[in-house]
Structures are given as structure tokens and as C-alpha cells.
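Both complexes below contain subunit A, partnered by subunit B and then by subunit C.
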Partner chain A sequence: MHTVLESVGKITLVSPRGRLDFGSAADFQAQIEGAMTGAGTAPVGVLIDCAGLDYVSSAGLRVFLIAARAAKRAGIAFGVCDLKPSVREVFEISGFRELMPVHADRPQALAQMLK
Partner chain B sequence: MQRSVQAWAQSLVGDETPYARAFENLILALIAVSVVSVAFEATEDLPRWAAEAFRISEIVIVAVFSFEYLMRIIAAPKKLAFIFSFAGLVDLVSIAPFYLAGFDVRYIRVLRVLRVLRVLKVQRRTLEKAVAERTRELAERNLALLQAQKQITAELDVARALQIAILPSTFPANAGCDGAARMIPATTMGGDFYDFIELPDKRIGLVMADVSGKGVPAAFFMAVARTNLRELAVHHLDPSDCLTCTNEILCTQNPMDLFVTVFYCVFDPASGVLRYANGGHNPPCVRRTDGSIEMLNDAGGLVLGAIPGAKYADQMVQLRHGDRLVLYTDGITEAFNAAQEAYGMPRLIAEIQAHGNGAAAALVERICHSVADFAGAAAQSDDITLAVLAWHAPGGK
Partner chain C sequence: MSERHVSVPGHASQLGVLVRFLHEFWSDAKVPQATAMTFELALEEAFMNVVMHGSPTDRVARVDVSLAIVDGELTLIIEDDGPPFDPLTLATPNISANLDERRVGGLGVFLMRKMMDNVRYQRLESRNQLQMIKRVGNADE
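Moving on to the complex of A and B:
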């Protein structure tokens, strides 16, 4: 798995690609933590774009939970978008849908978060 | 006596002693003085005092070199071999001109520079010795690390065995129904568990759960979750109540931000009524005697341990004579083969439909085999856990 970080205005976009499982969870967590503390200027929001994410295990879900909590503590908006069906199913079964905002796609998510 | 003289000589001209190091530096300095003096002696109008100084220095140098040469011969185990070795000849050449009075061979003294080569050679040997020493130390440390790793692996194996040992190996007898379960652990310590809990009024609680992540933290969290759930199940007969209370406790005992997905149900073997609540776990399925499958996917709730105050809802299903309830973890549906394909729900459902009529244990074995066949040589990345409940209504209707 690899992760792409980019900025759209004051939102930091985190785009994981591939399989997020126990093996890649620690790296992904470090990336998100980096995105949140930022280099100097903390972002207004962090959006995880899951368009390229093929698979999430429970260890991967845990990173989403930790990130959502950290964002809440830091007063940063947090959301995920563009879940593939298999990932969406995991979010639904685990109840994570209720735990964090899940947006249909990137434009919609950005519009919501910058509101 | 002779031995001790040899030992003393060795301590002075050997390779490693502190004396030898100082002596060697003295020799190097004398070589430098000697070479410089040869150059200056060549000048025509040398003042008398300078010529005298060079003469005295030459005597001192030759005296020291001669002494050293003698010491080396004494120190050498094979004396002739030393005398005719490169080092021995260089030593001889550097003092011979002095003793060969009458011949003007002073310039041969420049050959003393050759002695520098010898010193360098000795130093290289010392360096090689140091490298060999470090290599040996590294090898020793590697061995220690390997032994430590061995011990950790052995301790993890014990922990793994303990973790499996706390799972019930048999279904409660006289339960009025037939149950079986199996957990096939992945190589790394995981956090799947199942449980059968005997409740008041001959009811029976069934748990299927999966802790997020792997390793020792997951195993600990599994033990905490399992113990709390078992304790609370006896006092909270509504599955949703039991999950709500377990969640509250897990949220306070969760320094690692782990969570656990739990499907919990209470079965009444007298009536066939199954009441259940779901904390983020894969929905189990009921196989009816005609082979049809019903997914118990109407009780969505959040995983346990994530946030306090999460609420769960009870659902109910009426089992009929001969029905099977199949509980599983995602280690089954997400077992991958070498081509990175997942075993998936359709394969699991097909197995349950085709082979669900026998004993509970037979279906458990059947599914485990099917998953193993599918995965082939691919490494098992997650625990595989499965439980089956088979109910035969009192009176057989």
C-alpha cells in the first residue's frame, strides 16, 4: 500500500492506495498523524479519499478510529469519501459509518468540510 | 632465566604491549632524525658543532637500533628465520654502515626509511586483529539476539497456547442443542474468540468476536473483552444490554485504542428463540432445513471499545427443528489465495447450503477444509474462527 498526501486549500487530502491491513496500518497511521500536525500550519480539515483503497482489515479500521479521535481533540474537521463497495461494507458492518462523516465523493466532501 | 629474557624482549618489541607502542614511536622518531641528518651532512660548509651533533646522534641512533635488533632476535622464536626475513634484513641494513668503518656507505643509511614500511606492516596487522576482534564481538551479539528472539518466540507460543486454552473446547452438555466451534490461529498472535456461556433457565449465550489488530496487545484485549462479556452475560440476559455494558467497561480499559467486533446471541433450547445483538461483527447466517439461508444482518451496531455510550438493539429469530446457526469471523470470508482472491461470502454460503444437514462439528470441519483448500499455499494472515449451533426441537418438530 502507499499513500498520497496533497493540500486543497486548507484541507489535507490523504489518499491511501491498495490494501490497508495489519502490515500497512502503522505506516498509514504515521502518514495521517503527519498530515494532522502538519509542517507548521495545521490544516482546517483532513479528508481521507478512499477511491484507491481496495481492502481494509480491522487493524486498518483502527487507524480510521484513531484519526477521527485525534481530529476531534485537535478541533479539525475529519471525513472519508469515495469508499469502494468492499470498504463501504466494512464501514457499514462495523458501525464506523455512524462514527465519522462518510461522503460520496471528493467534491461533495470538500464542500461539506469547508462550509 | 632465558625464558624470562625472551618474554621481556617480547614485551618491548612485540606487537601489542604498551611498551612496544612507545618503543615503536621512538624508533620512528629516530628514523626521521637519521634521514634528515643524512641530508644535512651532505652540505659542504657544515659548522663544526652541527657536524659533532650529527655524529653523536648517529651513535645514539645506531646504539638504539642495535639494541632493538638484538631484542628482536631474542624475542623471535625462530632466530635465523628472523635474521633472514625482510624485516630482519632491513634492520641490519639500517645499522650495518656504522659498523663497516672505512667504507663510505653513509648514504645506505637512507635505507632506514625502509623501516617505516615495517612499522606500517605491523600496524596493519594490529588493525586486522582489531577488525577480527570486532567481528567476533558482533557474532557473539548476534548469537545473543538470536537466543533472545528464540526465548520471545517460545514465550509467545506459550501465550498463544494459553489464549486458545481459555476458549471452550466442548459445547455445554445437556444444553438441548448441539454446538461446535473451532479457531485456527494465524501465525501472528491474533484476537479472535468465541464462547459458549451457560445462562439461567437453561439458556445458552454464544459469542463470536474479533479484536482489531494483532500481536500481544490484541491478545490482551481479547482476554479482557472475553472475561467481561462472560461475567456480564450472566447478569444481563438481553444481548443488547450485555453489549452496552461490556462496551462501557472496555472503553475505560483501552489504552491502545483497540476495539472488538462482537456478535452475541442468547438461545433458548426450549423454544428455539434466538435473541441477538451485533457490535460491528459480520452478520451470521441461519440455514433452514430446506437449504435456504437467512442473514442476521438487521442488528447493526458499533464495534465495542470505540466510544462510550454506544447503543445496541436486540433482534430475534425463531429457529425451527433442524436449523443451523453459523457464526464466523472475517478470517474465513477474507482468507486469500495465492492470486489474492478472497474466499468470500458466496463460497461460505454454498458450503453451508450443501453440507448443513449433519452434526454441528461436521459442518465446522467441512468449512475449515474448504477454506484451507481455497487458500492453498498462501500464508494465513488472520485467525479463522467458526461456530455452528444445531437445534433439534424437543419432540422433533
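Moving on to the complex of A and C:
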């Protein structure tokens, strides 16, 4: 798995690609932490764009949970978008859709987060 | 009918070997993407449970995995020679807890049980055996 970080205005986009499993979870967590606390000023929001994410296990869900909680504590808007069907199913069964904002796609997510 | 086996030490670094094992199986037996994903998830969760609970400090458990498809039904069997551990006794996570109270413990087994048709644990003499079964939908579903 690899993760791309980019900025759209004051929102930091985190785009994981590939498989988010036990083996890649720690690295992904470090990337998100970096995106939140990164160099300079903290972002207004962090959006995890999952368009390239093929697979997520409970080890990956744990990272989403920790990130959503850290964002809440830091007063940073948090959301995920563009879940593939396989990832969406895991989010639905585990109750994660109710736990954090899940947006259909990137433009919709950015519009919501910049409100 | 198609059947494959693999045997690995119960160490987290072996997860990639198991993923490749499944991918090789899927290249022989065509199954829908969603079904393949369900088995990848179930195998990762079951294997990581063995890694965390089934390998005492002085030794690493041996994990044997077999996957078979018979008459449209996939059966995944994971056996290990670690101490007795029934993952199905893990407490069910409270999936309606809010963000601050939510815990991830037990979520892997919960997902496995929800996504499989049948999950069964047995202690066979000195081995743990976890068997998971799911009927395969049509490949074009």
C-alpha cells in the first residue's frame, strides 16, 4: 500500500492506495498523524479519499477510528469519501458509517467540510 | 472442485504469504470479487488472532490453512498448534458506541461472523481449528 498526501486549500487529502491490512496499518497511521500535526499550521480538515483503497481489515478500521478521534480532539474536521463496495461493506457491518462522516465523493466531501 | 493448502509460522510477517496463497486460489477458481474479499478478511483476522493469542513467548505456533471449493461452497480451515483459544468467545463489540467510547477489540471476529455463512471452532487434541464456510454467488453478481 502507499499513501498520497496533498492539500486543497486548508484541507489535507490523504489517499491510501491498495490494501490496508495489519502489515500496512502502522505506516498509514503515521501518514495520517503527519497530515494532522504536520509542519506548520494544522489543517482545517483531513479527508481520507478511499477511491484507491481496495481492502480494509479490522487493523485498518482501528486507524480510521484513532484518526477520527484525534481530529475531534484537535478540532479538525474529519471525513472519508469514495469507498469502494468492498470497503463500504466493512464500514457498514462494523458501524463505522455512523461513527464518522462518509461522503460519496471528493467534491461533495470538500463542499461539506468547507461549509 | 479445487483445493489448496499452505503452512506458515504464526508470525505477523507471514500475512503476505497467506494473501498470495488466496490470490493463487482465486486465479484457479473464479469467484466474485466480494466473496474473495470476504475470505481475505476472514483469513487475516483469524491468522492475526493466532499470532496474538496462539504464540506464547517461547515458541511460534504452526499455522495450516486450507481452502476448498466444492459444489459452489467455499470452506476455509485454519489450524494451529498453539494453546487452546476459541476466538468465538471474544466479546461482541458494541457497534453503536459513539466515537469516544468505541473500541476495536473483537471487531475482526465480529466481521468474520457477519460475512461468513458459518463459522465453527473446535479443539482437536493439541490443535485449534477454525472452519469458515460461505456459499459463492454467481461470478457476474
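Note that in this section the second predicted complex is superposed on the first by the 115 of 115 C-alpha atoms of A that agree within 3 Å, B and C clash if a C-alpha of one lies under 4 Å from a C-alpha of the other, contacts with A are read in each partner's own complex, and residues count from 1 in each chain.
By our rule, contacts are C-beta pairs under 8 Å (C-beta built on N, C-alpha and C of every residue); 3 or more make two chains touch, one makes a residue touch a chain.
Quantities reported herein were computed from a predicted structural model and do not represent experimental measurements.
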Report clash or fit for the pair subunit B and subunit C bound to subunit A in the combined superposed model.
clash
First (subunit B), second (subunit C), both or neither: which does A:A25 touch?
first
Larger residue footprint on subunit A, choosing between subunit B and subunit C, goes to C
Give the stretch of subunit B that clashes with subunit C in the superposition, choosing among 42-50, 96-104, 132-140 or 348-356.
348-356
Is there a shared patch on subunit A that both subunit B and subunit C touch, and which residues make it up?
21-22, 55, 57-59, 61-62, 65, 69, 93-95, 98-99
Within the complex, which stretch of subunit C touches subunit A?
12, 15-16, 19, 33-34, 37, 40-41, 44-45, 48, 93, 95-96, 98-100, 102, 104, 107-108, 110-111, 114-115
Within their complex, state which residues of subunit A touch subunit B.
21-22, 25, 55, 57-59, 61-62, 65-66, 69, 92-96, 98-99
Can you tell me which positions in subunit A touch subunit C when the two form their complex?
19, 21-23, 55, 57-59, 61-62, 65, 68-69, 72, 85-86, 89-90, 93-95, 98-100
Can you list the subunit B residues touching subunit A in their complex?
188, 210-214, 257-259, 261, 279-283, 300-303, 306-307, 310, 330, 334, 381-382
